[in-house]
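Chains: A, B, C and D, in written order; residue numbering restarts at 1 for each.
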Amino acid sequence: MRPFSASLLVALLLSFVLLPNTLERAVGAPSPKVKLGAARNAGNDMPSEKTNATSETKQPETVRSSRSLVLVASLTVFVLSIFVGFEIIAKVPPTLHTPLMSGSNAISGITVVGAIIAAGYQDTGVGSLFGLVAIVLAMINVVGGFLVTHRMLLMFKKR
Amino acid sequence: MRPFSASLLVALLLSFVLLPNTLERAVGAPSPKVKLGAARNAGNDMPSEKTNATSETKQPETVRSSRSLVLVASLTVFVLSIFVGFEIIAKVPPTLHTPLMSGSNAISGITVVGAIIAAGYQDTGVGSLFGLVAIVLAMINVVGGFLVTHRMLLMFKKR
Amino acid sequence: MIAIVPLVYLVSAVMFVVGIKLMSAPRTAVRGNLVGAAGMALAIGITLFDQGVSGYLFIAMGLIAGTVIGTSMANRVQMTSMPQLVGLLNGLGGGASVLVAFSDLVHHTDQPIDTLIAVGLSGMIGAVTFWGSLVAYAKLEEWKQFKKPYSLPNQQMINLGLVIVDFLLVGILAFSHSMTTQIVCYVAITILSSVLGVFLVNPIGGADMPVVISLMNSYSGVAGAATGFVLDNNALIISGSLVGASGIILTQIMCKAMNRSLGNVLFGVMAGSGSDSNVDEIYANVRSTSADDIAMILDGAQRVVFIPGYGMAVAQAQHAVKELSKLLESRGASVEYAIHPVAGRMPGHMNVLLAEADVSYDKLKEMDQINPTLDSVDVAIVIGANDVVNPSARNDPKSPIAGMPIIDVDKCKTVIVIKRSLSPGFAGIPNPLFALPNTLMYFADGQAAVLDIVKAIKDL
Amino acid sequence: MIAIVPLVYLVSAVMFVVGIKLMSAPRTAVRGNLVGAAGMALAIGITLFDQGVSGYLFIAMGLIAGTVIGTSMANRVQMTSMPQLVGLLNGLGGGASVLVAFSDLVHHTDQPIDTLIAVGLSGMIGAVTFWGSLVAYAKLEEWKQFKKPYSLPNQQMINLGLVIVDFLLVGILAFSHSMTTQIVCYVAITILSSVLGVFLVNPIGGADMPVVISLMNSYSGVAGAATGFVLDNNALIISGSLVGASGIILTQIMCKAMNRSLGNVLFGVMAGSGSDSNVDEIYANVRSTSADDIAMILDGAQRVVFIPGYGMAVAQAQHAVKELSKLLESRGASVEYAIHPVAGRMPGHMNVLLAEADVSYDKLKEMDQINPTLDSVDVAIVIGANDVVNPSARNDPKSPIAGMPIIDVDKCKTVIVIKRSLSPGFAGIPNPLFALPNTLMYFADGQAAVLDIVKAIKDL
């Protein structure tokens, strides 16, 4: 686990070094710039929305609504979940590894949620078609995974 | 841990029942309504900001920039961190409980960050003054905590 | 109502975590799995509700189709081919990510850099997972064309090249503003990654497939998480990274049990490394035996140990074995089972099978636990195990499985090996054990063999 | 650059997690603490950078002041009063939350409901933590006015009432739109919660302070998290909830070790519950002894066990004890230390002290480990321990510590109890052990006593 955490830190620090440029590019690129600006002003025009913790003159908070903050939020969730994952899995005894494998496999079928959203893109025919196929695939993963895990576990329970 | 998780679930489900009204009130309340509306439109005016994963016609996503999503994001982080906390602490052996106590105590001094932000509120005299006091208190907590933990741990290390 | 949806996603994410936690004890495992399933149902439900009635029929079709297929697969599969199934399901998950990312791409114009990067990565990881898993599946199903690991000259250079190009394409995709460029890049990425997936897994010996599969499990998780970044959807991000972590850990555990590094498994090109040569002389004086002789031998035995392996799974012999051990115990012998951590094709594979046959926990001994006591064993019955009892792991430093901890059956007074032939195990190497003076081979299908022995004993 | 700040917060949060993980093994613990500190430095640094030069001097003043005070506190404190210090620091953390939330409140007009709720909660939890910790501190410092737990008639009703009113006020604060109302509410909340904090902790016996303190530790974390919600600041939310969880777990562990429920600790109003009565007759035939006699007894002893308690901490006797045990070992006796999980005033308190005196791990035996073997012990030296060796926990079901697992020294052939008087321990109850036929009391300060014994033995 330790080496992993270490590498995690490194990864984070890296992204933290690289991101600025990415974002500058983002801001530098014609269309997005306007929007980000818009967002920032928007932020200022609505103090009452109080999406900003520091005084209105503070930069980083006023753009809370901006894209990059959403990204960091997601990153935070991502990192935390990885920790949770490592901690809870490490505790599972070998006997249960096969069920665990199929069980977690079923969970990874969560993509079905994404698939449903994608299938909702009525406007783009291709998009929604692919969405449909994705639903089928992911749903097989989900249902198959949970069922087969259940089957296995019942055997353990018998005793 | 299990009962805890259970209660956690309950708590979440509760908030999930209560929140809507809260938010309705929020939206219902004169000034915020406008802002939220503004935010929503803002969201629409800038497809390129792509703060919405589903088609622009989708409600919940278009207001990604809105307050309530920030809240849920924070909630997510909160819950995940609690899990991480439980998992990693449970592993610490009794021998190290005292250092652990003072160490984590030092970490709780993170409030100093908030204090610094608050002290930055130059406009409101009281606010920034309180901020200053807060900085002192929190900083004592931080420095004192880490140092004393270090002192204790060195003793363990000696051998 | 705006924040309800993500909040529910959070709830179901928590249910996944709680579910996995419950799965860490046999007693609560079933409930754990159900909690997980409930969480999934919740997530799907709220998403449908959120989608509005618009595409319902459309979506419903997909869901139903998936459910039907998934159910039948889950009900049909035998415990032996569990690894294949898991592999297949992983693949499907990966495939789904590829498709979702694509439809998101074509649906939105002018997305922010990070979303586009996420799109690219979903495509990449998803495709690798999909094809990698399929190849793994084929190998486990022992399809001829995949049976022997096959790799191009300096395969690894090629793979590296593919990866680099992939990343370049992701970069272009991310920074280009024309939809067409983006789509072209995406398709290219998907194709290259598919090739990469095949190239990565194809050179790996079948014996290492379980490692590959749990790695793919991890990938499918990561792919899901990437898709989560595409859709800014925490449900995907959380669950995806949970699975990603779980896969990695299982992989590490397996590698440790085979004492090989992951790198060695992935690039070692181990299986069948030129030990085909002196097979005949190794097997020069193998002695084979019959059910009746075995019955005789067992008649006098005080302490009997079964060493099950993949073969028991193939032969579905677990019930027969259980019957035999009941019989032996009724005649006053003590019976145990020595379980090697990587016996079979998945970690815990043997435990599942023996659980199915109602063998009680306390009779299952882990390798480290039973090895020291083996020399006091009268008869060791190796049923369908091969690599996990191959002494050359201890003796022959040049052996491809050198250093892998094994169950030292050769220490037992008498060793009976039940398998159909002298053909190698999945490591594809000969096993000196079979030629040892205290070893007797009984060539037959595992189940038939054990039943014959039972009969023979009853006839004594 | 916009997203850098939160990203750095994430990094430091990760450093906290990694730090705590490292703290789970003595070998890496020091590094762990440093990693944590580095994370904190990073968080503070980026916040300053983010604040711009504006209020620098102002802020710097605060930081320096805090650092100076904190450093001197940390360097001055003796290991014995560690619990007090931790308690105090907790309190400060809580206080900070109260102030931060307030200044956020006065600074922003027209905040969203949830922020206001968070503000209210920060004030509430923060204030409870602050005052609760101070009272706990006073009790541990054994200030007279706090020495004996004091509670109003139906205290708990009152507390409940306070809590309810508090929540009502939070509600009003959250839904009112006038700044004045909000401020009034907030102040009211803070005052009520302060009272609540005192009321909650005051009735609790000093012996239970460690539990209270680690509970306060948890609260201070939660308060921090609440402030995090006020500022939408993940650094606070993550770290806060980490600490919140840690505090709860430690609390549970302690309660288990005393075999009492948390509820019982908080509302049990245990300490000193009317057992003051028959003290004299209990202590009727207590036999006291001298250093020379003890030396004599130890001279013949094969197996000696030390049972350290809070008194050893007070007397700073750990070094003397170490010296004595070295001496005994040099004369061929085997020496162990029996550590009760709640000996002292913090979990692991004794471990820290003995570590300070360079006693090696393997000599420290946990209660469950050593209890079964105690009857083969020649001499048990109880130094400054009282409640943790009080047999009435086993025998007298009506005793306030009934059911708390203890170290069964009364089973040893000879028991020597070193304390200054017959005065009770922190549970405030008499100890029948002192009157047992095989018990000898040596009334003196722990350190002095042990040194005298050492001298006496050398003079033999």
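We adopt the following convention: contacts are C-beta pairs under 8 Å (C-beta built on N, C-alpha and C of every residue); 3 or more make two chains touch, one makes a residue touch a chain.
This one's a predicted model, so the numbers in the text were calculated from it and none came from an experiment.
**Q** Between chain A and chain C, which partner chains are common?
**A** B
**Q** Taking each chain's centre as the mean of its C-alpha atoms, give the chain farthest from chain C.
**A** D
**Q** Chain A-chain B contact: same residues or different, taking over half shared as same?
**A** Answer same: the two copies use largely identical residue numbers here.
**Q** Using CA atom averages as chain centres, what separation in Å is found between chain A and chain D?
**A** Chain centres of chain A and chain D, defined by C-alpha means, are spaced 39 Å apart.
**Q** So, what's the distance in Å between the C-alpha centres of chain D and chain C?
**A** Here the centre of chain D sits 48 Å away from the centre of chain C.
**Q** Taking each chain's centre as the mean position of its Cα atoms, how many Å separate chain A from chain B?
**A** A distance of 18 Å separates the two centres.
**Q** What residues in chain D touch two or more of the other chains?
**A** Counting only residues that touch two or more other chains, chain D contributes 13, 17, 21, 51, 104, 107, 110, 112, 230-234, 238.
**Q** Would you mind listing the residues of chain B that make contact with two or more other chains?
**A** 23, 31-32, 48-51, 53-55, 58, 64, 66-68, 70-71, 73, 76-77, 80-81, 83-84, 88, 117, 120-123
**Q** What are the touching chain pairs in this one?
**A** Every pair of chains in contact is listed here: A-B, A-C, A-D, B-C, B-D.
**Q** Help me check something: in the complex, which residues belonging to chain D touch chain B?
**A** Of all residues in chain D, those touching chain B are 9, 13, 16-17, 19-21, 23-27, 29-30, 32-34, 36-37, 40, 43-44, 47-48, 51, 54-55, 58-59, 61-63, 65-67, 69-71, 73-75, 77, 79, 82, 85-86, 89-90, 92-93, 95-97, 99-100, 102-104, 106-107, 110, 112-114, 175, 177, 213-214, 217, 220-221, 223-225, 227-250, 253, 341, 346-349, 351-352, 355-356, 358, 360-361, 364, 366.
**Q** Of all residues in chain A, which touch chain B in the complex?
**A** Residues in contact with chain B: 31-32, 34-36, 38-39, 42, 45-46, 48-51, 53-55, 58, 64-67, 70, 73, 76-77, 80-81, 83-84, 87-88, 117, 120-123.
**Q** Quick check: in the complex, which residue numbers of chain A touch chain C?
**A** Interface residues on chain A, with respect to chain C: 22-23, 25-26, 29, 31-32, 67-68, 70-71, 74, 77-78, 81-82, 84-86, 88-124, 126-128, 130-159.
**Q** Could you pull out which chain C residues touch chain B in their complex?
**A** 1-8, 10-11, 13-15, 17-18, 21-22, 28, 50, 104, 107-112, 115, 230-234, 238
**Q** Spell out the part of chain A that touches chain D in their complex, as residue ranges.
**A** On the chain A side, the touching residues are 1-2, 5-6, 8-9, 12-13, 15-16, 19-20, 23, 47-51, 53-55, 58-61, 63-64, 66, 68-69, 71-73, 75-76, 79-80, 83.
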